[in-house]
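In the two assemblies presented below, subunit A is common to both, partnered first by subunit B and then by subunit C.
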Partner chain A sequence: MSESNFAGRGTGVIHDIGYRHYDGRRGGRPQIRRALYVQSLRGVFGLGRAARTKILPFTLASFMVLPAVILVAVQMVMGSTTPVLPFASYAIVVQAIPALFLAALAPQTVSRDLRFHTMPLYFSRPLTYKDYVAAKFAGMTSALFILFAVPIVVLYAGALLAKAPFLSNTGDFLMALVAAVFLSALLSVIGLLIASLTPRRGLGVAAIITLMAGSFTVVSAVQGITTGLDQQGVAAWAGLFSPMTLFAGAQDLLPGVRYEGVAEPSTAGQVVFAIVLLALIAGGYALLSLRYKKVSS
Partner chain B sequence: MNRTIARLTLRGLLSPRRLMLLALIPLVLLGVAVLLRLLVTDMPVDLGVGVVSSLAIGTMLPLVALICGTGAIATEIDDGAIVYLLAKPIPRATIVITKYVVAVGATILLAVIPTALASVILLGADAGLVAGYGVAALVGALAYCALFLLLGVVTKQAVVAGLLYVLLWESLIGGAVPGAQALSIQQWALSIGAKISGDGLLSAAVKMPVGAALLVAVAGFGLYFAINRLRSLTIAGDS
Partner chain C sequence: MSVIATEELTKRFPRVTALDRLTVEVPTGVTGLVGANGAGKSTLIKILLGLAPATEGRAQVLGMDVRTDGPAIRERVGYMPEHDCLPADVSATEFVMHMARMSGLPSTAARERTADTLRHVGLYEERYRPIGGYSTGMKQRVKLAQALVHDPQLVLLDEPTNGLDPVGRDEMLDLIRRVHTDFGISVLVTSHLLGELERTCDHVVVVDGGKLLRAQATREFTRTTGVFTVEVDALADGSDGTDETHRALAELGLPVERDGRLLHVTVDDERGYDLIRDAVDGLGVGLVRLQQRRHRIAEVFTKENAGV
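Here is the complex of A and B:
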């Protein structure tokens, strides 16, 4: 329909064919953004979607919690008051599972909108591309945070049940949750950025897992070998090159958090790790926004 | 074999842009190999064996085979283009085998040759080990591609299913539970490599004849079921 059709006023008539009108309050942008956020978050776990889409996220989530339950059981049997594994180290120890979760589910939060050309429909609403990116990012980050937080809560509950000191454990628990926020944001921005570049879901899955698992394996191998050669410096800095080891180095800056990895950076190194981590999140988010600035249907 | 299908599959699999991105995987491996060679004077053989086994055979080969094996057919099923192919009077076997050959070819280019190169860089002095790794990667590629091609025909979540097998079963469980290693393509491929290298440095969880038989079985059954499944394929809506 061209602009000129609107020029001659009064020629067209809109017939009221008896549909019920909406008289309620209109929520506007904030509400659409919130709705898109909730829908994205639920979509990751397959809630509100077909039953077979729930299988994968919940299977991976239970794989994520299972080791925590076992650790708690071990702690109970041993009667130890110190946790078998520090809360903040848990996510790094089971790193293959969040990597799979991200690879399997980040593409389906964004690729389907691209593939079925639903982007123009979103943008025919008051929603802007910034809202879309913010909602998708927040949705994926929240989903990952839930994935990381549940086993930490299980470990914390187990520690309290084992009559571990309340105060220090609560502190460690809260720090682990803070660290989990940053890890979720980092993984989510990486996953969404890669996934948003291809409408093909399979390709997105493969690309994300190749980046996550490949970089982790290579960095671990390099760290193992350089440590064996007594080159601790090289080993520590190698950690910069994979998301999980980057996070492991950066989170040591939080009070009371110490990941006993193969090679951890010095305090100055930890500051660099943290800056790189924040820069990656911010830069990735900026690139993601840039990618959606112009969406060809 | 059908040349047109081969050409189209190859173009979809290794378009210049994708080839550039995929080439990063072997380039990183070769970079690490060269770096280690320069960093470590007097490279101990078991270190080189460990790196080639875990990085090249354990990580790069299955990941590349997964991308090529599912990419050869799953993407086409996913976007529905496969119906135009299935509507032609071409035997299903020809379609599957052509795509298999292309997938194996791409895996040889992106994973088998780099594995051989990495073992030359790291273990250059030991010709037996280099040959062992090269052959192990080659037979591994043959089996992995058949398995992942089958997954691509059977399930919409082929990449995820393949990843679960490679990462959870072969790496995580296989790394912790020795019994699980007897059921992994990686170990079967290594058993052939171990036989060829012959000097006991390269070891596998299974014996050579068993490993070879299982590899042939996986490749054969994978292709057979893929052909069979393609006969009754329904193009379902996306989830």
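Here is the complex of A and C:
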């Protein structure tokens, strides 16, 4: 292009240096997958995007940490060496916050690309639908894990400051983190699957919040009633039908983890809960892949 | 060298055959792909990108087999879809950079090439504003930029002038021309406007009903005909010289058709210019125009269709 094409373009002079070819490195699928993962993870927290997109995730994340800080303060004041709340129980106690976080942010992770019809641009590049699903799932799961892990770290640090026994607390802390990985994967797959079905973000938000809050409320009510009727078995099995209570029952299988809920399953029941949890993650991931296989063809 | 080569390429869907034993070679340069809606253009692009399997036949892009080398092909090919595909809530810079990363470029290179490419397609200060506020012309430029940002060897442009006003259309066509002449990138561009392709393309491929109708260099389509157009001005005495000229040319035994002030003379050999010049010279009229008429792609297309 000649310089004259820029004439009258306003302010400064732009010196055209002509088209330059790119001879550098091209990363291929692994690097693209990683780049999409990092972009998705950052996107959940609004990093690298407009300031207003950061408000919601960071507000929810601070609500998530605040109770942990208070619990640590209580523990310090009481001078107790046992944590006020077991590390692994924390996520279940504050369950409404991760549910909101998932409902608000899973749709924006996947539905933007659907709503703006950007998918063909991804699939005209080396990555495949499998790479896309893997990167988005890993991004959302990591974001949720960070959400769960930070308050657990706060509780653990508080316990150590209160001179609680190091070994047993460290064991509990690590088990709580392991449990958080599974909880993050479960919520992530549920949220992404629902969100991927609609290009409309609002619909995705409403559907996820309805599922999370609705199932938890119904299961809690059923557990309350059946426990009142002295039907402990029914109450325990009812836990299978909400993501949070399912997770609570399954994580009891981990050594040293015990959630003191309304109705907890027996050891055999815990195995069933764990199998259902893993099956949900795997099945949800398979459905998500199927969904994007359809989008890519 | 051909950038695309297909051999008996066939794609059947349950109800319709989208491509029917299509054998075509697309050379380097700018090639137009013409066909009515449903002629199989989009299906062909999908197969070439390795996104959909062909039912039968083979296809190569940049020497790679679409069946086995999909990712490698897509690393070296850019694609600009026909429909809207841009997120409204991010800026052109952010979006094109993300797409550069999605092509495998490291982040520094992605940033540099994004700035370069947006400048080449003619987006300046506005590239920092959200795409939602762009005009159609600017959006088309962003779509082209994301297809070029990873420096492909070939770009597939699907109806790039759709929705543009005449000025925007001209600018886009110039840009497409420059993609080949200045950037050295081969182009396959689909359009249903033949006039556009005539101006922009070195070659034209015409498909209809999934079949190849014609594949030729544009200059073959628009080759010269034996028809000369002659226009003369008035004689010295003020009378119209056209009648005189008509008579003089007819006396030479040349078929002449009159069209207002224009005369269409058919001369089958090289002597056309000389014969007409000499005839007009002898009459003492001023020669205003003497040109050899060219075919237009549209004429060829209409004839072919009529014959099918």
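One rule holds for everything that comes next: the second predicted complex is superposed on the first by the 278 of 297 C-alpha atoms of A that agree within 3 Å, B and C clash if a C-alpha of one lies under 4 Å from a C-alpha of the other, contacts with A are read in each partner's own complex, and residues count from 1 in each chain.
Just so we're on the same page, contacts are C-beta pairs under 8 Å (C-beta built on N, C-alpha and C of every residue); 3 or more make two chains touch, one makes a residue touch a chain.
This is a predicted model, so every value here is computed, not measured.
Peer 1: With both complexes overlaid on chain A, does A:Arg49 touch subunit B (first), subunit C (second), both or neither?
Peer 2: both
Peer 1: So, does A:Tyr19 touch the first partner subunit B, the second partner subunit C, both, or neither?
Peer 2: second
Peer 1: Touching A:Gly27, do we find subunit B (first), subunit C (second), both, or neither?
Peer 2: It touches subunit C, and subunit B stays clear.
Peer 1: Mind working out whether A:Ala35 is in touch with subunit B, subunit C, both or neither, as first, second, both or neither?
Peer 2: second
Peer 1: Is A:Arg112 touching the first partner subunit B, the second partner subunit C, both, or neither of them?
Peer 2: In the superposed model, A:Arg112 contacts both subunit B and subunit C.
Peer 1: Should A:Ala96 be classified as contacting the first partner (subunit B), the second (subunit C), both, or neither?
Peer 2: A:Ala96 sits against subunit B, while subunit C stays out of touch.
Peer 1: Check the residue A:Thr226 against both partner chains and state whether it touches subunit B (first), subunit C (second), both, or neither.
Peer 2: first
Peer 1: Examine A:Ile209 and indicate which partner it touches, taking first as subunit B and second as subunit C; both and neither are also allowed.
Peer 2: Touch partner of A:Ile209: subunit B, not subunit C.
Peer 1: I'd like to know which partner A:Phe123 touches here: subunit B for first, subunit C for second, both or neither.
Peer 2: second
Peer 1: By the touch definition above, which subunit A residues appear in both interfaces, subunit B in one complex and subunit C in the other?
Peer 2: 49-50, 112, 116
Peer 1: In their shared complex, at which residues does subunit A touch subunit B?
Peer 2: Subunit A residues touching subunit B: 49-50, 52-53, 56, 63, 96, 99-100, 103-104, 112, 115-116, 200-203, 205-207, 209-210, 213-214, 217-218, 221-222, 225-226, 228-229, 231, 234.
Peer 1: Across the complex, what residues on subunit C touch subunit A?
Peer 2: My answer: residues 49, 51-52, 71-72, 74-75, 77-79, 81, 83-90, 94, 98-99, 101-107, 109, 113, 116, 119-120, 124-125, 146, 150-151, 178, 182-184.
Peer 1: In their shared complex, at which residues does subunit B touch subunit A?
Peer 2: For this pair, the touching residues of subunit B are 21, 25, 28-29, 32, 35-36, 39-40, 47, 51, 54-55, 58-60, 63, 66-67, 70-71, 74-75, 78-79, 157-160, 163-164, 167-168, 171-172, 238-239.
Peer 1: Considering the complex alone, what residue numbers of subunit A touch subunit C?
Peer 2: Against subunit C, subunit A makes touches at 1, 9-10, 14, 18-22, 24-29, 31-32, 35-36, 39, 48-50, 112-113, 116-118, 120-128, 296-297.
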